[in-house]
Amino acid sequence: TSNIHLISRAMRQRFVIPDFTNFCRDIEAIYWHCKSSAGGKVASYIPQLARYDPNFWGVSVCTVDGQRYCIGDVTVPFTVQSISKPLTYGLVLDELGEDMVHQYVGQEPSGRMFNELVLDHNKKPHNPMINAGAIIVCSLLQTLAHKEMNLAERFDHVKQYFSRLAGDEYVGFNNAVFLSEREAADRNYALGFYMRENKCFPTKSNLREVMDFYFQCCAMETTCDAMSVMAATLANGGICPTSEEKVMSTDSVRDVLSLMHSCGMYDYSGQFAFNVGLPAKSGVSGGMMLVVPNVMGICLWSPPLDMYGNSVRGIQFCSELVNMFNFHRYDNLKYSTDKKDP
Amino acid sequence: TSNIHLISRAMRQRFVIPDFTNFCRDIEAIYWHCKSSAGGKVASYIPQLARYDPNFWGVSVCTVDGQRYCIGDVTVPFTVQSISKPLTYGLVLDELGEDMVHQYVGQEPSGRMFNELVLDHNKKPHNPMINAGAIIVCSLLQTLAHKEMNLAERFDHVKQYFSRLAGDEYVGFNNAVFLSEREAADRNYALGFYMRENKCFPTKSNLREVMDFYFQCCAMETTCDAMSVMAATLANGGICPTSEEKVMSTDSVRDVLSLMHSCGMYDYSGQFAFNVGLPAKSGVSGGMMLVVPNVMGICLWSPPLDMYGNSVRGIQFCSELVNMFNFHRYDNLKYSTDKKDP
Amino acid sequence: TSNIHLISRAMRQRFVIPDFTNFCRDIEAIYWHCKSSAGGKVASYIPQLARYDPNFWGVSVCTVDGQRYCIGDVTVPFTVQSISKPLTYGLVLDELGEDMVHQYVGQEPSGRMFNELVLDHNKKPHNPMINAGAIIVCSLLQTLAHKEMNLAERFDHVKQYFSRLAGDEYVGFNNAVFLSEREAADRNYALGFYMRENKCFPTKSNLREVMDFYFQCCAMETTCDAMSVMAATLANGGICPTSEEKVMSTDSVRDVLSLMHSCGMYDYSGQFAFNVGLPAKSGVSGGMMLVVPNVMGICLWSPPLDMYGNSVRGIQFCSELVNMFNFHRYDNLKYSTDKKDP
Amino acid sequence: TSNIHLISRAMRQRFVIPDFTNFCRDIEAIYWHCKSSAGGKVASYIPQLARYDPNFWGVSVCTVDGQRYCIGDVTVPFTVQSISKPLTYGLVLDELGEDMVHQYVGQEPSGRMFNELVLDHNKKPHNPMINAGAIIVCSLLQTLAHKEMNLAERFDHVKQYFSRLAGDEYVGFNNAVFLSEREAADRNYALGFYMRENKCFPTKSNLREVMDFYFQCCAMETTCDAMSVMAATLANGGICPTSEEKVMSTDSVRDVLSLMHSCGMYDYSGQFAFNVGLPAKSGVSGGMMLVVPNVMGICLWSPPLDMYGNSVRGIQFCSELVNMFNFHRYDNLKYSTDKKDP
C-alpha cells in the first residue's frame, strides 16, 4: 500500500520536496564536506562506546511523504543513548497526558551554567531532555502507566514503541552497553537518590528498577536509516510516513518537538536553537535526530563528540544545511533570497 | 500602490488568511473572552505607568499581505518599554552584523532562577532581551554604529527606525516616562556599573549616555495598531507589509525572532515557548508583540501584569489563540484535526 | 593516681576554676532556666530518634583538671550522630596528618546558602563537619589508615578511640539506629555517588563500605557524662583529664577545634561563632559538645531541635553561659567588668 | 603617667610578655626571613597605589601593657583601605549598638565562591568586612548616628576615632587616593545601586554621600607604628595601651574581633582562621592588622599582594609567628611543647 501511496503522490507531483533528486545532490555535497572533518573525541567512559571507529559517518533522510535518501554508514547499529529521551517522553505523554507528566518534570531549559544536580524552583527536574528528567519519565512509565505489566513486558512495550516510530525498521538492544553503563553511572545514581530525597518520584517507585529501566532505554540500538524514520514520524505529526501508522499523538509530538528545540543539544541547546532553529536531540554514541517539521526527518551519526557531547560532524551538517536551505524556524519563506526552498 | 497590491491579491484569492472575515470573528470572540479577566496589577514603580486604567484592552492584527483587524483600545498611546529590546537588537544587527554584536552579548536563555545581575560564563550578558543585554545593545549603537551622529541624531535615528517598522504609523516619545524611569533605575545602574567593571562595554562608551539612551528607547511611545504593523514586518522577513519597505534585513529578523522565541517573556519565556510556541516580547506597560512567522503580526495591550511582568490578558489571548489555530511552531499542519488552519 | 592528682591540686588551690562550687551553682541556675523552654521538635526521620522524650535535658561539665559536675539526664544513652564528625576527623588527622587529610577535604565554611550537594572550587567537600566531608574522612580511615584491618577491626578501632577520648566512660553502639539510618539516607547516597563521580575518594574506596562505616560512626552511643569528658579532652589539648592519657595529638586538636568553631553548628555556625565564640558540635539526636579551650568541656543533651537542627535547650544554655562568663573567644579578660571570670 | 605605669609594671615583672627582649629577637628573625620573599604584585588599579615600592616592609608590635617594638618601614604613611572596615564597624557598634547595626548587615562569612554582588537570604550584605557591608556601615554612621553633624564634622569624627584608637599617633588623609578610588569604583557603585534597589539602606540615605564617605574612610592614612597601637587597643578590650583611654566598648571589640576572625582576609579568611587562628584584617595597600587577644597588636605592611589581595609578606609573617608561638586560638597552653609561650 505504501508503494501505491508513493506512486500516487508521484503521479500528482505533490511531494513536499518536489525536486528530490537535486535536494539529495545537495545533501550528498554536505555529507562529503563534513566527512573530512577530523575533530572531536569518541566517548570513552565505557569500552563498548570507546571502540567505535571515529570515521563512521552516516546521513539518512526520510520525508513526511516517505521519500528516502541515505549515504555512508547508515546500517551500522549504534545505541540511542540520550536520543531515547524524546521518545520515552513522547510515550509517557501519550499514556498519561501532558498535565500528569508535567506534575513531575518541568518544561524549560535549565540555563547553561546551572549545575545539573540542582532541581528547579518547584523541586522538579528542569525538563525531560536532561538525565534527571528522563529518569523521572522512566519512573512514570513504570509506576503510573500500564501498572499491570511486569519488567519484561514494560521493556518490550517501550522497544515496540521505538520500532513503530521507526516503521518497524531495526530497533535492538545492546546488553553489554546496558551492563557497562549501569556500572559507570555515579552521576545518575546521585541524581536518583537526590530526587528520591526531594520526593520527585511518584509513590511506589523502586529506584533500582527505575535506574535499570532508564539504562535499558539508553541501550536500545538502531541504525541511521531507522532513526531517520523516527525523526520523520515526529516531523509528520506522529504518523509514520512509511507505515502510515499513527504512533504518537499530535499533541505529544508538539510537546516533544518544543523541548527538543530548546533543550535537545545539551549545553549547546541555546546556541543550536539560535543558529539552526530546528528541534534535534543528540546522544553520546554520536547519533543525532533532526526534525524539519512538516517536511522531513534526518538522522546523522558519527562517533567523535565535541566538548558539549554532540557529534562534531552532526553539528557541522546542521549548520551547513540551514545555510543552504530555508529550514531555520525563522527563515522567511518569501524573501530569503539567498537560501533554497527545496 | 498598496491598495492596488491588496486588490490584486484579493482578486486572485491568494491571501495568507484566505477567509479573513471568519478569522476576525474568532479573534473578536477571544477578545471578549479575555476582556472579562480581572487579574493582575498595573505597574506602579513610576506614577506615569501607575495611572493607566486597568480596563484598557486592545488587539490589533496585521497580516504579511497587509490585511488589518483591530478591536478595543488600539489607538491609545503607551510606551514600548521592553518591547524596544528586539527592535534595537534588530537595528544593531542591521548596522553591525551578527558576529560583531554577539561579541558583546550572548544568545541564550539565562535560566529562570539565574540572578539577573550575573553575567554568563563568557562575562557577557546572556541575551539582548534582558536589561543587561539591551543596555549593551544601546552602547553598541552609540559607540560603534554611526559614530558621526550626536546624541540627538542618534535618538532620531532609532525613532525613525521604529517608525519605518510601523509603516510610519504613530511612534512618539514620552518624556515624563523617560525622566521618571531614569530616577527609578537602581537595578539598571547596578547592572551598568557591574558590566563596566567587567569590561562588557566597547571602549569609549560613556555609561551615563548609554543609560540615558536605553531609557529613551524604553520611553518610545506607540499604539496597538502601529505595533501590530511592526510585528507584521518581523513576520514578513523585515519587509513592512503596509509600506512594502525593506526595513530589517532577513538575517536580522531571523535572529530577533529566535531570541524572542526563547527569551521574550521574562521568566515565563520557557513556559511560553512550550505552550504558545511563537516569538513574542512583552513590556511593563502591558504591551505585547506577537509574531506568527510568514503569516501575521499581532499587538496586544492591557496594563494589568501577572507575577512575571507579562500582560494578563495578553497571555490569555495567546493561549486561546494557539488552542484555536495551528499557530504553535510544532503544530502539525496536516494532522492537527482539532485546530483551525485559518 | 587520678585521685592523688586531684587531691594534690586541690591542696595547692591551683584548679583552673578556683571556686568550682560557686561555678556549679551558676551552671545549675542556667540548667533550670533552660529546662522550662518548650520549643523545638524531636528529629523524626527514623523511629528510633522520634521516640525520645522531649523533656530529656542533661548538662555535664568536666574541667581540664578533672573536676566534674552534672545535672539532669546525664546517664541516658543517645547516639552521637554528627558529633562523631570532629572525633573521626581528629582520628584521621592523628593517623594520616593534616596535609594528607586536606588533600581530600577542605577547611572552610561553605556559606549558609550553599547547596550541600555542591563541592568547593577544588572539587572537594568544604570541610569535615558536613556530611560530604565526614564521608570522605571515613573513606580515608578505611583506605589509607591501618590498611591491614578488616571491617570489624576498623569499627572497633574507632569505637575504642571514642572510648579513650571519654576516659573509658560509656561508649556503645545502637544497631537499630544504624540500620534505620542506612535505610533513610537518600541525601547521603546522593552525596556519595556524586563525590565518586568527581573522584573525591581515594582509590580503592568501596562506596558501600564507606557509607556503612559512616552510618556506624553516627550510631555510636554515649551519655552526657561521657561526652563531657571527650569535650574536656579536646579542651585539654588531647590529654584526657580523667585518665591522663594522651589520646589526640595537640596539632589535631587545634585543627578539630578550628573547624568546630567555624562549621560545627550546621547553618547556624556563623551566628554561633559570633554570639558564643566557642568551638562546638551538635547532632540530630539533640546532643551538643562544647569546648572552652584550656578550661573545660561541656556536654548538653536535649532532643528537641530548632530549625537548624541544633538542640533548642543546648543553644539557649550556650548563650546564657557566655553572657555570664568571659568564655567568648573575644571577651576581654581584664576589662569585661560585667562578666564573671570563674 | 604612662611611663610611671610602665615602670611600675616593670618593677613588678608583670608584663604580659615577661621576656620581651627575647620575643623581639624572634620577631626580628621572622622579619628578615620574610624580607627576602619576592612574590606578589602591588595593587595597580589606581596610580597612587601602583607607585609604592614593592620592597617596603615594616613590622610594629604593641603589647596590651604598652611595650613596643618595630623594624623596617614603620613610619611610611599608607592608606588603610579595607582595614578601615573593622574600625568603622566598631564605631557604629559603639554609637548604635549591636542590635540596630545587625538589622542592616549580617555577621557571617559569605562562602568563598559566593558572588559578592549577591546579598544574603535576608537581603542584607553578609558582614561588615566586605565592601557591601562596609558601605552599609557608612550609611548608618551618616543617617542614624549623630544626625546633627554635617559632612565635614562626620569626617572629622571618624578621623578622630581612628586617632584615638592609635593613641594619637599619626592618622592622616590622602586626598589623591580618595579622588582616584572614587573614579575607579564600578564594583562599589554597582553594589550601592543594587543595595538601594533592595532597600538595604536606612531611609534618608543619600547614595552619593554614602559612597564618598566610604571612599574617604578607605583613604585615611596611617603608619605601621600607629596601626600597631590600634591593633593593641583591640587586643586590650578597647582601652588604648599607650593613652589608657577607653576608645571602643568591650562588647564592640568582641564583635569586631569575631568578624575579623571569620571574614577579615578576603577569600582567604577560612584558611587563615584555620592556619593562623587569630583575628586580622588586610587592605589593598598591603597593610595588615593582626590581633593577639589579651596580649598584643601587630601591624604588618608590605605592598605586594597575593591572588587574594593580602600582603604576601604579611601572610608569611603570620604563618611563621603561629608556628613559633602558641598564639593560635586553639593552641593548647599547657601541652603545646613545640611552641614558645612568650
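Assorted remarks:
By letter and in written order, the chains are A, B, C and D; residue numbering begins at 1 in each of them.
Just so it is clear, contacts are C-beta pairs under 8 Å (C-beta built on N, C-alpha and C of every residue); 3 or more make two chains touch, one makes a residue touch a chain.
Just so we're clear, the structure is a prediction, and the values are computed from it rather than from any experiment.
Using mean Cα coordinates as chain centres, the one most removed from chain D is A. Rounded to whole angstrom, the centroid-to-centroid distance between chain A and chain B, based on C-alpha atoms, equals 32 Å. Rounded to a whole number, the gap between the C-alpha centres of chain A and chain C is 52 angstrom. Chain B and chain C have Cα centroids lying 59 Å from one another.
None of the residues of chain B touches two or more other chains. Pairwise, the chains that touch each other are A-B, A-C, B-D, C-D. Chain A contributes residues 115, 117-118, 186-187, 189-194, 196-197 to its touches with chain C in the complex. Interface of chain A with chain B (complex): residues 64, 106-114, 120-121, 236-239, 250, 253-255, 257-259, 261-262, 269-271, 273-274, 277, 279, 293-294, 328-337.
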